[in-house]
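The structures come next, written out as structure tokens.
Below are two complexes that have chain A in common, paired first with chain B and then with chain C.
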Partner chain A sequence: MNFETVVFYVLSAILVLAGLRVITAKNPVHAALFLVLAFFTSAGLWLLMQAEFLAITLVLVYVGAVMVLFLFVVMMLDVNFEQLREGFWRNLPMAGTVALIMVGEMALILMSPEAKLGSYHAAAPLAADASNVKELGRQLYTTYLLPFELASVVLLVGMVAAIALTMRKRKDNKTVNPGLQVKVRRNDRVRIVKMDAEKPAKPETGDAAEQQA
Partner chain B sequence: MELLQNLLGLDAGLTVWTVLKIVAIVAPMMIAVAYLTLAERKVIGWIQLRIGPNRVGPAGLLQPLADGVKLLMKEIILPSASNKSLFLIGPVLSIMPALVAWAVVPFTDHLVLANVDASLLFVMAITSMGVYGVIVAGWASNSKYAFIGAMRSAAQIVSYEIAMGCALVGVLMVSSSLNLVAIVQQQAHGIAGGSLFSWNWLPLFPMFIVYLISGVAETNRAPFDVAEGESEIVAGFHVEYSGMAFAVFFLAEYANMILIAAMTSIMFLGGWLSPFPASWGFLGASGFGWLAAKMAFVLYCFLWFRATFPRYRYDQIMRLGWKVFIPVTLVWLIVLGAWMMSPLTLWH
Partner chain C sequence: MNWADLNLLPASTELFMLTAILLILLVDMCLSDAKRGITYGLTLLTLAICAVVQVSTYTPYPVYAFSNMFVADPMGGMVKLAMYATTFAVLVYSRQYMTERGIFSGEYLALSLFALLGMNIMVSATHFLSLYIGLELLSLSLYALIALQRDSVQATEAAMKYFVLGALASGLLLYGISMVYGATGTLFLADVAKAIAGGSANHVLLVFGLVFIVSGLAFKLGAVPFHMWVPDVYQGSSTALAMMIGAAPKLAAFVFVLRILVQGLGALVADWQGMLVILAVLSMAIGNITAIAQTNIKRMLAYSTISHMGFLLLGLIAGTPEGYSAAMFYTIVYVLMSLVGFGILLAVSRAGFECEKLEDLRGLNQRNSWYAFLMLLAMFSMAGIPPLVGFYAKLAVIKSVVDIGLVWLAVVSVVMSLIGAFYYLRVVKYMYFDDKQDNSPIVVRADMKLVLSVNAVALLVLGMLPERLLMLCVEAMKQSLNAL
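And then the complex of A and B:
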């Protein structure tokens, strides 16, 4: 048993446990944090397979950005956990059947000789100066140029759609145009009035003096 | 021992040597953090015509030690309604990325703990995890102020990370490498032949500015410190923390500042390269000293900003990140691409 195998099993164990906790944790914030752990450990597994660019990108995109926004939303939700768990036993038979069917289907696909999982070998070790990034770039911009550009266009459309769907013009919006704010000069806001100093009127009774003070 | 050696599959001496190297990076870092806090108080003091701390030791030089001892002796209070485990993990999540990122930061051509291929990407990925410390701490505290601070910080860090990433794409384009050592070495070439003017800050000036300001925002420093805006939400996400748990957040913030300073120096200010021609002997030789000097300059800018600018309003921060910085970097990326393809290119 060499070092890499040990690391693989440790990471896999953590990954499986974290994945289990994602669906069993009672608190959604805990579940989201376990999902972060799962992403992080799978990045470690990819590193073991010498796919360092993909591993680092997984951490950068999913852990660093997507899950932060996810947590953001989950933390602000006001979820009633009891209500969520109410129908668990009633719905279990139906959900269990669906789950079993899915497991069977996946097993059929994975175990069929067409999947060729039996003849799956470890990737050949890369040369010491082989660059993951360069190779990926070459593949993306030559062989897979069209799918790559298509995917980016689809993402762009998704982005525009998300913005268009959520953008509402509110009438009572008090936003100020920052350009106008910057252009403001002192004279637009303050008027300095010159006037002579005035002597206060002489107090007549104690009451009036108190009011002036 | 033999089993362990067998298991590790490599020389046990190498492991020990690596651990020693890690200590050799982290220990001076911690001292630098301690003295950065003193420098901050002194510099801001001088800017405001005050003296700053001057009681502990000669000229106040032992002040960080006194602060450290005091924080160590304080009780760590666990709020009774907090989520205990997450409350304690919060500070750990915040200091861990700040230290791990140093694994790939080079100090000279050969002085680097792990010279990995995609070191720039590694630094970005690891630093992007720092936000979890803030969010988890803010949420686990079960306090309104802490939660508001955490939410503000999360939105701010995620927004400025995009601007930062776009600024770094320019650096990648001109150096055609993700390796930090190669990025510095590339800056030694060019028309200006390795002097001050061949460094990335000049051809990538808009990106340099965007990166520097985004760095201030990423570390939640003034004028972007709405996450701990004292006047509105007391201390933001770490309002419930005391003693060493608070100190760990403090350490993480300053370690991140030093990291951003190092990254700015490496990517835009020529790293360990000397600004003078090589014929100038001592001054012309490149080495760690120059990197340290550049980092000190960037750090001084951080302190200077804090003493100069009033805090941004929250919507202004978001506008600056999304509507100013990201378009500026995107436009400059196109300009840069055209520049590199034109006969006027500086890079070959």
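And then the complex of A and C:
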């Protein structure tokens, strides 16, 4: 058993345990943190398989961005997790059966000689100075240039659609346009009206006092 | 980097279109709602220039670009020209309708062009990856376009339904593609065809993948039993969007199916023929019979679309170049007919009134005899009554099925077509033999009136002189398929 195999088994054990804790942890924040551990460990496994670019992307994208957002949401939203967990024992038999069937199916494929998995050999080891990133970049910008550029167009459509669907001008909006404010003249705001001077009306109380006298 | 592999000239239309869309988005940002006509003009100009570039870069044989990921061949070129014309007509017809409902925005025009770009990619892709990305570009734009009418609960529901079912269909398609990849080890359609012909691929795995691919394609075409989304989406979305979904995307979907099934999995013709027979018979039967029970004209046209997809599949079932060109002819004709049908519905609708019920067309002849006549042409053509072009389209696909000895299938399709004639003629009865109940005048912009008239009269003219278009289809198909 060489060093690589030892590392593989250690990482795998951590991954399986972390995965188990993701679904068994009572506190959702703990579950999310265990998911981070699971992603990080699988990145380590990918490193062992010489896929360093994928490993780094996994850490950057999932651990760095997605999971942080996830934690943010979990902490921001006031979700009643007790309520979510209510039907656990009732649904367990059904879910367990489905899980068992899935395990059985995978075992059938992996063990069966009919699947001819033996004909798929392990990839040849790469040269010491072979660079994953360079190779991926070369593929993306030569052979796969069209799908790569189109994927960016798809993202652009997503952006345009998201803005078009959510941007709404509020009717009760009270913002002011500074340009218009500066341009305003006295005549726009003040109107001078010519009129005769008004005499104050005679006080009513005076009449009443005279009558009494 | 090998520049010869890139070879951008065949893709110049797509490159121009993308640049134009980005410019239109930028220009539209600076315009107020009153000046939306400028964006509209730019969009139509883009379509016209695309058509010119398409014609000027035409080659009578396939040319590859983007390291063989993209092909420009006569079939693709012809379908693309039809798509530009269709999108042009859709935008002209929908302008007044969308303006009256306050949804004639720059995004509407830009997303329509994005959808067109996606369709262009679907038509020209030679690799499963670019095929799929083109499809997603089209679908995402369509989902967003339907949902643009945010204040309508029905439109939002239709967009949601379309989105969920579309995602399911994409999933099925991708699963099938992954099986094919597993069996052949490549995603290039030409290499897939070679690997299958070489006999080294695992046949069971291929057929397993084929089932999923055919299901995904049937979903996208709207063929029974994967048709449930079509009536709901047509009814829920605004009439203009229903017209858009039923027009150019059908052309793109046809070529999409052809590229995958014929150019990629052509060696499995014996396997997919049977599947398509089931889809075609069910589509023709359920589409035509259910349409009779509809009172909502958009729903009726949706079921009519389903039945037309059944007829289109007849041409593919034949598995011969004649069959494929007949199916191509059928698709182009179907799109022309459905444009007229929806165009009239848009013309009769006005601010605050949707022409949705069959009764809304009552006495159309008394209100405006010209539009009633145009609708009559569309309905007769859809029913397949000579001398309108719908008859020749049906004749061509049925003939291709008879040629391979499937006479029973031809008989079934003729019977179904007869059943379908009932509900098309019912529309004509409402228009000509019932008294009008709605006296409001039909006001239509002059440009829409012109395009709509040309579009409808084309049904009659093409019906009398169908050889020219049919020969073009045959020629384009021959040049494109021989090259493999």
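As a convention for this text, the second predicted complex is superposed on the first by the 127 of 213 C-alpha atoms of A that agree within 3 Å, B and C clash if a C-alpha of one lies under 4 Å from a C-alpha of the other, contacts with A are read in each partner's own complex, and residues count from 1 in each chain.
Note that in this section a residue touches a chain if its C-beta (ideal position, glycine included) is under 8 Å from a C-beta of that chain, and two chains touch if they have at least 3 such contacts.
Values in this document were obtained by computation on a predicted structure and should not be read as measured data.
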item	value
First, second, both or neither for A:145, with chain B first and chain C second	second
Which superposed partner A:29 touches (first chain B, second chain C, both, neither)	first
Residue contacts with chain A in the superposition, chain B compared against chain C	B
Touching partner for A:69 - first (chain B), second (chain C), both, neither	first
Partner chain in contact with A:178 - chain B first, chain C second, else both or neither	first
Partner chain in contact with A:3 - chain B first, chain C second, else both or neither	first
Partner chain in contact with A:160 - chain B first, chain C second, else both or neither	second
First (chain B), second (chain C), both or neither touched by A:57	first
First (chain B), second (chain C), both or neither touched by A:132	first
Touching both chain B and chain C, residues of chain A	none
Of all residues in chain C, those that touch chain A in their complex	1-2, 5-6, 18, 25, 66-67, 69-70, 105, 107, 110-111, 114, 117, 121, 127, 129-130, 133-134, 136-137, 140-141, 143-144, 147-148, 150, 202
Chain B-facing residues of chain A, complex	1-4, 6, 29-30, 33, 36, 52-53, 56-57, 59-60, 63-65, 68-69, 71-72, 75-76, 131-133, 175, 178
For the chain A and chain C complex, residues of the former touching the latter	116, 141-147, 150-151, 153-154, 156-158, 160-161, 163-165, 168
Residues on chain B engaged by chain A in the complex (per definition of touch)	7-10, 86, 116-118, 121-122, 124-126, 128-129, 131-132, 135-136, 139, 147, 150-151, 154-155, 157-158, 161, 178, 315-316, 319
